[in-house]
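Order as written gives the chain letters A, B and C; numbering starts at 1 within each chain.
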Amino acid sequence: MKLKKSLAMAPAAIFAPILAHAQEAPVAEGAFASVEALGALNVEMVFIFNTLLFLLGGILVFWMAAGFTMLEAGFVRSKNVTIQLSKNVGLFAIAAVLYYLIGFNLMYPGEGWLVDGWLGTPGPAVLEAVGITAAGAVDVGYASVGSDFFFQLMFCATTASIVSGTLAERIRLNAFFVFVVVLTALVYPVQASWTWGGGFLDAAGFSDFAGSTIVHSVGGWAALVGALVLGPRIGKYGADGKVNPIPGSNLALATLGMFILWMGWFGFNGASQLAMGTISDVADVSRIFANTNAAAAAGALAALILTQMLFGKADLTLMLNGALGGLVAITAEPLTPGLGMATLIGAIGGGIVVFAVPLLDRLRIDDVVGAVPVHLFAGIWGTLAVVLTNDGASIGAQLYGIVVIGGFVVITTGITWLAIKAVMGLRVAPEAEVSGLDKTELGMDAYPEFTRG
Amino acid sequence: MKLKKSLAMAPAAIFAPILAHAQEAPVAEGAFASVEALGALNVEMVFIFNTLLFLLGGILVFWMAAGFTMLEAGFVRSKNVTIQLSKNVGLFAIAAVLYYLIGFNLMYPGEGWLVDGWLGTPGPAVLEAVGITAAGAVDVGYASVGSDFFFQLMFCATTASIVSGTLAERIRLNAFFVFVVVLTALVYPVQASWTWGGGFLDAAGFSDFAGSTIVHSVGGWAALVGALVLGPRIGKYGADGKVNPIPGSNLALATLGMFILWMGWFGFNGASQLAMGTISDVADVSRIFANTNAAAAAGALAALILTQMLFGKADLTLMLNGALGGLVAITAEPLTPGLGMATLIGAIGGGIVVFAVPLLDRLRIDDVVGAVPVHLFAGIWGTLAVVLTNDGASIGAQLYGIVVIGGFVVITTGITWLAIKAVMGLRVAPEAEVSGLDKTELGMDAYPEFTRG
Amino acid sequence: MKLKKSLAMAPAAIFAPILAHAQEAPVAEGAFASVEALGALNVEMVFIFNTLLFLLGGILVFWMAAGFTMLEAGFVRSKNVTIQLSKNVGLFAIAAVLYYLIGFNLMYPGEGWLVDGWLGTPGPAVLEAVGITAAGAVDVGYASVGSDFFFQLMFCATTASIVSGTLAERIRLNAFFVFVVVLTALVYPVQASWTWGGGFLDAAGFSDFAGSTIVHSVGGWAALVGALVLGPRIGKYGADGKVNPIPGSNLALATLGMFILWMGWFGFNGASQLAMGTISDVADVSRIFANTNAAAAAGALAALILTQMLFGKADLTLMLNGALGGLVAITAEPLTPGLGMATLIGAIGGGIVVFAVPLLDRLRIDDVVGAVPVHLFAGIWGTLAVVLTNDGASIGAQLYGIVVIGGFVVITTGITWLAIKAVMGLRVAPEAEVSGLDKTELGMDAYPEFTRG
């Protein structure tokens, strides 16, 4: 029988005096050893719960790779679906290998900074041995190294996933992969070390809970710079200033991708609490789940209402991106807001997307899936919105982080994009672009039997 | 190495005497403080496990929103896919916002009934503060408020998801959304409070573990009434009494949706145990998982066999709905049956769907995805089947709950559908219906490149 | 705020002395009762964590059924999609019912072998009663029976899923289902009992952590024998020795299927640790997650690089199968390798797929989805690779297990396939095959509105 909330199994009233007593009472002499044993059990329990949180969170953020893949495959034309799928499978594989070989240690140098607070030491990640005990754990008060590595790897891959959509339908496969190598081995881990690795931005008070800036804006900046270097798709912008809409080939797939991303975001934000082995931590994780969901819903709803007000008709693609904009916006601080504020932050994130997508088109920046509005613009908003509810954050530190990370990513990825363009070429030939990259780059059609209108 | 079940790590024999002793032995004087500390730890552990169950269950039930979306998008014609996707994204967003603003407190009034046992007090949900301790938790013997809210919200959204499929291909977008507002803010929470909120149906002994009636039949009744008010699609029923099949456009998508729903149902039923912090509770959750899977499999198998016997050919769409019928049927009581009885209950649920889908057509009630047979008819069966295995349930109380809730939902949603019809119009124009709602309502095709046969 | 790895919440240094003390200090007299109570709590905690691991793992492996379905539906032509979907839904339903009725007890006979170490006793699975306490659990040091059953059932279903893809586009629906009955009720459980049920292969030292041989090769052998008995599709191999590629109809769906399988594999391998209630176990589960991911990524990357080197173009279908080959390869031993070795094992698994797919075609063995290279060949490789890192394994025992299980499966499934062919016919008529099985076998098109090129 489904118990009622109002009649829960073990009322607080029963436990309150026990708890009060346990916390305050002087411990009897003879009980000393067992209290220590209790401590040991408690440590073990916390370690298991924290590790489990990372494993669950890691699976969910892994799943976001599938979400980006479906979203992007749905938003491109059917002649470019196979290459979009290939890019997404390949980028995850590359990110996984490079984060193992270089990124993880570069991002979390511990005491091993090459340049203190600015540059860690690259090197392969090493897991704890098989069958460790409490004494053998690297950090028994935290979680297993393997779970931590597994979880953090997924954030690195997410950053690369963000880039692939914007540059769709015109970038060469291997040019993109070379960029992913640089992004996942160097750009992402270095800037992430500044905050999450305990570097200078952390010291400066920059606060970004799960990565509105550190993951999403970084991907967004890299995508924006790439779009500028690469230029728009043939036929997207008319000589007369006219913007030609190029509809995606499969909105069911795109919607599936959005739902996958929403689902994965519970792991993205929730497991970024990094602990659930106490009442305090697990209740905080719960707040994060509820707030993340509220922001996503509000982002979608804002887009639903705004598109009807602005364009006279609901726009599904903006609803999907609106939900994602809400999710990106709440990511910098999903813990401290209440449900009302989370709803507001998400709604503004969704609203930003509705206004920014046409704005980019007016600037003739061709972002095929809307990743720059979603991940960069809503990411900046979310990073600033931290100060609304988190007393420990300051607008100055938030701006400092946004500008420093933005500058670093624009410069390093700008150099990378230009170097790739110069050395191996970035863009397919115009005829190839017109006939579709699936045919020219891969010789494999995603939907070979469905004729095109 | 994969250990064998027969050679498990820590045989019960080792622990049995310890357990017996711990439960019976008089506690030594000096150990008193530490035993209380142990109690505190135990409370903490239970709280964490219960909260984790809600979070995991909530994610899985959230995922069912994607399942309904894919199922419905696959079952409608390609000219109505975008609107079906939009309805599903929008209904979840609306449900999330309204359950926060009104529904959660209306459904769980605690001591705050407006009309005792019948009507709670609407008002925004409020999460526990950041970083609560045991003493600060609203109910330390249960779980965090955030996780409870997150989990319960998803059930409210599920109710709305059930409705959208039946009314596909002819209802106006905003008319549907207005209905969702009423359903998720008022109809669902009020009737759910009667049982799960500790209201009069709970007092009357009505038993519905995870919502065969409270979620599925409520959605099913709302859909049925909507279908009656809305009328069938143009061309579905010939003047000569002939039923014209209108095949869905994408059965791969529909099958994906079914698998997503099946997966999500482990959270739907399993987390409705509301606790997993003891051996007893977690073993019960395991029973629920095994029974839920058995019922789904039996429902699909029953449909596979029955369709071959009745129609001479296996029918995939009825297999999908058969699995769902099995799932709905086991939902009212997934705990007390054994595997054999769960298999039987699910098989009958699947069988009901096979017979009820053509029956509705004979009654000229046009249910596009078969939601009424699956959620209403199998839901009634499941609610009655509780008495087969649950000694605490009576057929009288089960019938009372089915009738009272059914009556309430038929009346309230009937008024709502008729009011919407009168005030803003419920149905698109016939020309719009023929050309497809994606073009007329949204101006956006889901598969713009795939020509239609 | 996202805490840095280097500044974890509760440094090991704080707990180390406590731990050391707790492990070594003589327990004071008066604390005795509470230490025993502590033991009881610890047992309870371990039981809950282990059970939770099975439930989570079971959900994830269930989800793989959807992954196989999408992979296969994407790899067949659109005229055979409905039957492929129907086969996958039906095979899971059959596997679930038969594993309950016969397989679970056949696979885990405990003391109840019919032929000691070789043949268990079939019979229905029975769950623990509702609301068991520690004393009532079948094995309080392990996990609940329901969770164990739920988890193991999914492996049985996976074996059947592997077979369905190879034989696509030509096998009769009910002929396939009859084979599934034999496979899931008898072949799989009997050979699995030899190792995981504590039978003669376990005694011989055969080591297969999560089933490279016991699940994947078994499915692969059954598929290979079926393909030989069934023969290739019409038009696949020209009289002149030419191989005609038959492209899949929906690579987006196939890619989704691959991601689902990758995700599910974390449960497949991770939960095969069978325990996470201690620091040691949960850290081992973490290693398994990280290694599983590394092997999958390396398999995809190897295919990406090799296809460009060999064919001049990246091949998405081989990348998908390369990732799966990496996953199968790491499955026999995902725990003992370090990340580097896991990457290597996975890369070789992916490479095997790239070379084996054309090899099978040269042998005129028509494997529609590449399941034999992925599950059989990479499975053999993975089973042998156990000796690279696991000191407890020997090449002799590994070869013994591969040969014995392979021989058993080839003989039993060979007899089964031939018997089905003789009694009821295995293959559809040539005209039916040309027009597509969806029309002739089911009368239902998966994409009725999309015209074919």
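What to note about this one:
Quick note on the criterion: a contact is a pair of C-beta atoms (placed from the backbone, for glycine too) under 8 Å apart; a residue touches a chain by one contact, two chains touch by 3 or more.
These numbers were taken from a predicted model, which means no experiment stands behind them.
Common neighbours of chain A and chain C under the contact rule above are B. Of all residue numbers seen at the chain B-chain C contact, under half occur in both copies; the interface is built from largely non-matching residues. Chain centres here are Cα averages; for chain B and chain C they lie 30 Å apart.
For chain C, residues touching at least two other chains, in rising order: 28-31, 34, 38, 41, 45, 56, 250, 256, 447, 450-451.
Only residues 28-34, 36-41, 43-48, 51-52, 54-56, 58-59, 62-63, 65-66, 69-70, 73-74, 81-82, 85-86, 88-90, 92-97, 100, 108-111, 124-128, 130-135, 137-150, 153, 173-174, 195-198, 202, 207-211, 250, 253, 256, 272, 274-275, 392, 441-451 of chain B touch chain A when the two sit together in their complex. Across the complex, chain A meets chain B through its residues 1-12, 14-16, 18-23, 25-31, 34-35, 38, 41-42, 45, 49, 56, 60, 77-78, 247-252, 255-256, 258-260, 262-263, 266, 270, 276-280, 282-287, 289-290, 293-294, 296-298, 300-301, 304, 308, 313-317, 319-320, 323, 335-336, 338-340, 343, 447, 450-453.
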